[in-house]
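Each of the next two complexes has subunit A plus one more chain, namely subunit B in the first and subunit C in the second.
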Partner chain A sequence: MSRAILLRTLRLVLTVLVVLALAFVFLRLTGTPVERMFPEGIDQETEQQLTALWGLDRPWLVQFLDYAGKTLRGDFGHSLLSGQDVVGMYREVLAPTLWLGGLALALSIAVGMPVGIYSALRRGRSVDRVVNSLVFLAYALPGFVVALLLTYVFGYQLNWLPTIGADTAWHYVLPVGVLALGTAASLARYTRGAMLDELGQEYIRTALSKGLHRTDAITRHGLRNAMIPVVTVIGMELQAIVNGSFIIETLFAWPGVGRIFIGAVKDSDYPVFQFGVLFYAAVIVLINYLIDLCYLLLDPRVRVDA
Partner chain B sequence: MTPIRSNPRRSPAAIACIAALVAGALAAPVAAQTLRVGVATHPPTLDPQKETGNDAAQFLYNIFDTLIERVPDATPLQFRPGLATSWSRVSPTVWELKLREGVKMHDGSTLTAEDVQFSLDRVFKKADPRFASAQGRFFYNFSHVEVTGPLTVRIHTRVPEPLFEVLISARNAGITSRSHVERLGLDKAMLAPVGTGPYKVTRLTPNRETVLERHDAFWGEKAPLATIRYQRIPEVSARVTALANNEVDFIVSVPPDQERLIPTQRFTVKGVVWPMFHVMVVKMTDGPTRDARIRQAMSLSVDREKLTTALWSGKGKAATAHQFPEYGAPLYIEGLRTIAHDPKRAAQLVKEAGYDGTPIKISYEPGYYLYFDLAAQAIQQMWQAIGLKVQIEQTERYDEKQTFVRPWSNPMYYPDPMGAFDTHWSKASWTSTRGYFKPQHPQWDALYQQARFSLDAQVRKDAYRKLIEIGEQEGGWILLYQPHEAFAMRSDIRWNIPTALRPYSLNFRAGQISVGSRP
Partner chain C sequence: MPEVGAITPARAREARAGAVPASVLVAAVVLALIALASGLYAATGSDLHNRTDLLARLSAPGTPSTWIGVHLAGTDELGRDVLLRSLMGSAISFGVALAGVLGGCLIGILIGIFSGYRGGWVDRGLMVVVDAQLALPNLLLILCGIALLGTSVWVLIAMISLSRWETYARLTRSLVLSARERDYVDAVRAIGGGTLRTVFVHILPNIASPLWVMLTLSFPAVMLTEAGLSFLGVGVQPPTPSLGRMVAEGRNQLITAPWVALVPALFIVMITLSVQLIGDWLRDRTDVRARV
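Showing the complex of A and B:
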């Protein structure tokens, strides 16, 4: 098992490095910070001075090796546009970002899984059909549409909830709700499907026939087995939350990592973008890593294979 | 929050006290107010010499003083003492300015002639490449600052400068603290700006949020607001909602189609037709637009009135000539019309030019100029109607070799013909250096010199008139319209758009904003 963990860890590091190298090249292909800083153009002499100031006049390979070396020493550089320390920029907004994503995930699990289980246990009944329709609607609605709708109702019309920033606990209600909605719907669908699969298995019938209470049979046997595909989905949905937070942060003027990252892409602010890529790649890879570890814990067959 | 409990034993004295407090609160000077401003854009720093964009214009006027100040709403321009109490030209290229004594800067230091020299020389001499924009746009004719006494400086220009007061009162000539910048270094100082203005920066989060607080030691009339919190809210619908939801008090950049969403019972909407043209730049040196007759035809076929009505709900203003009423007398030319709509003549010119059918491509970056995507489609139809083949291309990065028509804007950076012309169509502009704009008229250069540098206002005016008439014939630009935008604010806020300042400036100094009882 320790070999499996080691292999997965090595794969994690390699993936992050490859993503960083690709991002390093692609952003440079789309434009330079000088073009972004002076959209109306600038004389050649100034352009040369600026690219020299930022060290961008060197070959890309030299720039990458320099960046990789500094990264290994924990030096991620400064924003080309504002001069801020890159790590400090992200650190400042890490807490609201993590809270936003964490709460959205927790809420979606807390709502989505029970709804899925409930729906599976009442398969074919009218309540199942109603729940399924609502879940499908929530799943199909794009996050930004829900965001605009909820903002309009609870902010613009009713003046009940704040719609910009992250100053108080109330500021979390709408963005967390919007982010959680699609994920909760997705989880409900997958949980329902997985539960139905398990409830039809012979071991459930065996458990019931040996006198086990239905609740015990479902929770101790069916639910645990149904969790394996659901954990996979949770991992995927966490990635969806990370991606969705980019839009949500813009719509709710949320002081988060996503806004900094998108701004860096728009401005070709290389150091800020590169750290953002590292950060997101690390988060996504880490999520998958944790899911793999969860498999090891949940499914004895994976342990045997490993 | 502690709930307010009512006292069952209300004595007359207590009621009188409460009434007095309430009355006092209502009549309280606006000094205790906090203004929350929702802005669409926010700059990465607030350095007065580095930041030249619309985003920074919303902040700089409140933080930095200039040696000479403009009366914010005077047309034509009027000047008044700022950090200099008097100024005079002592030779054709030298101006002497006496500085105000005892001006306290935001870092607690006292303004010196060295601060003035440091602040201005760094942009005059382009001490850092990041000052290139301000230097190229405003100060390329300024040479250096000479300190001639503890509170006296002389500013040298390369050739006599007719726009000395206009340019030295631009916020990019704002004065900062030499010792502060030298102590922190430029990068850190740009994030912790120090000026002498009525508000000081207490928090700056680049691209996101800035908090200003009243500078109690300000040399002039104290600021009317205790705190101003600028928050960037990029989405227009989110800005409107934040205002309606009482999360901000004041928002900027509301386009015409969103104005109706502002609840007018509680909020005031102030619209403005910006002194700025949305422009199509046409390449004069290459490709299908190389022939002047084709370029003239393109301009003649555009129905600007129709575009303005359809796109800007009739609130914008169709271009008639490259000038703005904001110049005032004597430089604004009343009734001048150099732009015409004549599709018949346009079709004739296309025939005369022997147009070979090479497609003319309109390239643009989606979303950069409001409504340009719609304008491009309408103009495509107008050009096709006179016999041109037209393609539309969306791009994130212009390929200079393949771009023949692209959108641009010509804002009036200062209220003078040169404020929208020299900053865009000079030989140093990208339109010239990248081969788009190359006027062929033999008088062009001589007229340009007169319009820019003559010390006689009438000579400048006459030269400018000829220049823009020739410019229309050259066809390097197609001026479309002046966009309309609105500010929206709580109805108890009284504020006017400062016509003498650079567009997008938010002026929250004493006498320029008041917050209090509803009108």
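Showing the complex of A and C:
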């Protein structure tokens, strides 16, 4: 078990290094920083001076090591537009984004999984069909359209909820709800499917026939096995949440990472953009690492062939 | 718990509903109408959707117009007809999504075939790339491409294709893996058929139907991606209308003139819901496991 954890931790470190290298290579491939800062071109002498100043005349490997070292020390440079320290820019908005994403993920798990399980146990009945239709709707509707409708109804018509910013707890209701909706729907879908697969297995029949109570058979045997594919899906839902957070943050004027990142994409503010990529990559890699650890807990088979 | 193969009321209902369900028919009609109307409008090459009328700014749906008879869905901030813009926006969204899906399919199917048919280290290497990309949020990838290459419809299409090829590659590979063990493949090779001939003339047509389903199923997701990017302002650029951008712009007038945002939003909902309904139905029909 500890060997398996060690191996996965090594893979985590390796992935981070690969992401760093890719970010470096891609930025270099698409032009030098000098070209990027002065797209209309500058005179030869100034260009040489800047190249020497930024150390761009050194060999690639030296440049990469320098870049990696700075990255590890947390030095990501300054915004090309505002001159602000990149890390400082993101530090201010980190908490609202992590709260938004974290709460949405937690809410979608808390709602999606029980709904999926309940639906599976009532397969084919009217409850199941109603749940299925709702899940289909929530799954197929784009988040920003749902957000728009909810803003219109709850924000403007009824005037119950604030729709801009992240000042109070009430500000979290709409963004978190909308972000969680699609994720909860697809989680419910997968949980239902996984539960149905497990409930048809022989070992459930065995458990029932040896006199185990139905609830125990379902929760201790069925649910535990159904969790394995569902945990995989939670990993994929994380991507949906990152995708959705770009849009939701823009829509609700959320003071978050996503808005700064989108702004940097629009303005070609490369240092800011680059840090955003690393931030999202780090979050995804970390969550996938945690999911891998969950497998180790849930599935004894994985512990062996690690 | 019903046994496998037992006739339950639910299964009997499913069996009786062997014909096309009404919801799917409605979806197909709605989709065809929008596609036809927007396609016909786009085909006229007209520029009426950009015609501004500053005297008729934000007029409500049904207001008589000086040049088009009546603004059925009202006008926006610049007095442009919302319905015409929604139609043109639908045509563009359809076009970008179609090109994106086809581009992604082309890359994915070619790589999937290569990977599945060749096997060995090529296969393993490609699958590592596929796995890595599966772990990335596709919007993040597209945003990176846009940041480095700029905003244009072509960059958008290229990045949408590149952000989705891995799902098609995975499916194609698994289909090719099982298809290449079939007798007909041996037969083709025995009579001297080359690799290209075997793969493209014989294997590809045989694995086509699941690929079509995949294509249909991924279409609404791609349309939503395009709408989302345009909503963020990094997709289709003005003055070209796009449904996502119209929703984003109309958001500011949600209180005074809700139709500006709600009409294009309705178009998005109708299109994606219809395609999703049709896609789900196709999948349930072709999925052998679900049919048993």
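By our rule, the second predicted complex is superposed on the first by the 237 of 306 C-alpha atoms of A that agree within 3 Å, B and C clash if a C-alpha of one lies under 4 Å from a C-alpha of the other, contacts with A are read in each partner's own complex, and residues count from 1 in each chain.
Basically, a residue touches a chain if its C-beta (ideal position, glycine included) is under 8 Å from a C-beta of that chain, and two chains touch if they have at least 3 such contacts.
The structure presented is a predicted model; accordingly, all values stated were derived computationally and were not measured.
Contact with neither subunit B nor subunit C is seen for A:N132 once the two complexes are overlaid on the shared chain.
Look at A:E92: by the touch rule set out above, it reaches subunit B but stays clear of subunit C. By the document's definition of touching, of the two partners only subunit C reaches A:V265; subunit B does not. Of the two partner chains placed by superposition, only subunit B is touched by A:D43; subunit C is not. In the superposition on chain A, A:P162 makes contact with subunit B only, while subunit C stays out of contact range.
By the touch criterion defined above, A:Y152 lies against subunit B and subunit C together after alignment on the C-alpha atoms of chain A. By the document's definition of touching, both partners, subunit B and subunit C, reach A:T250.
By the document's definition of touching, of the two partners only subunit B reaches A:S79; subunit C does not. Within the superposed three-chain model, A:L141 lies in touch with subunit C and out of touch with subunit B [touch as defined at top].
Shared contact residues of subunit A with subunit B and subunit C: 30, 148, 151-152, 156, 250-251. For subunit A in complex with subunit C, the residues that touch the partner chain are 26-27, 30, 123-124, 136-137, 139-145, 148-149, 151-152, 156, 199-200, 204-205, 235-236, 239-240, 242-243, 246-247, 250-251, 261-262, 264-266, 268, 270, 273, 277, 280, 284, 288. On the subunit C side of its complex with subunit A, the touching residues are 1, 4, 8-10, 134-140, 143-144, 146-149, 220, 224, 227-228, 231-234, 244, 247, 251, 254-255, 258, 261-262, 265, 268-269, 272-273, 276-277, 280. The touching residues of subunit B, when paired with subunit A in their complex, are 38, 44-45, 126, 129-130, 132-133, 136, 186-188, 190-191, 205-209, 231-235, 237-238, 240-242, 244-248, 261, 396-397, 408, 428-430, 433-434. Those residues of subunit A lying in contact with subunit B across their complex are 30-31, 35, 37-38, 40-43, 46, 49-50, 53, 78-79, 81-84, 89, 92, 148, 151-152, 155-156, 159, 162-165, 250-253, 255, 259-260, 263, 267.
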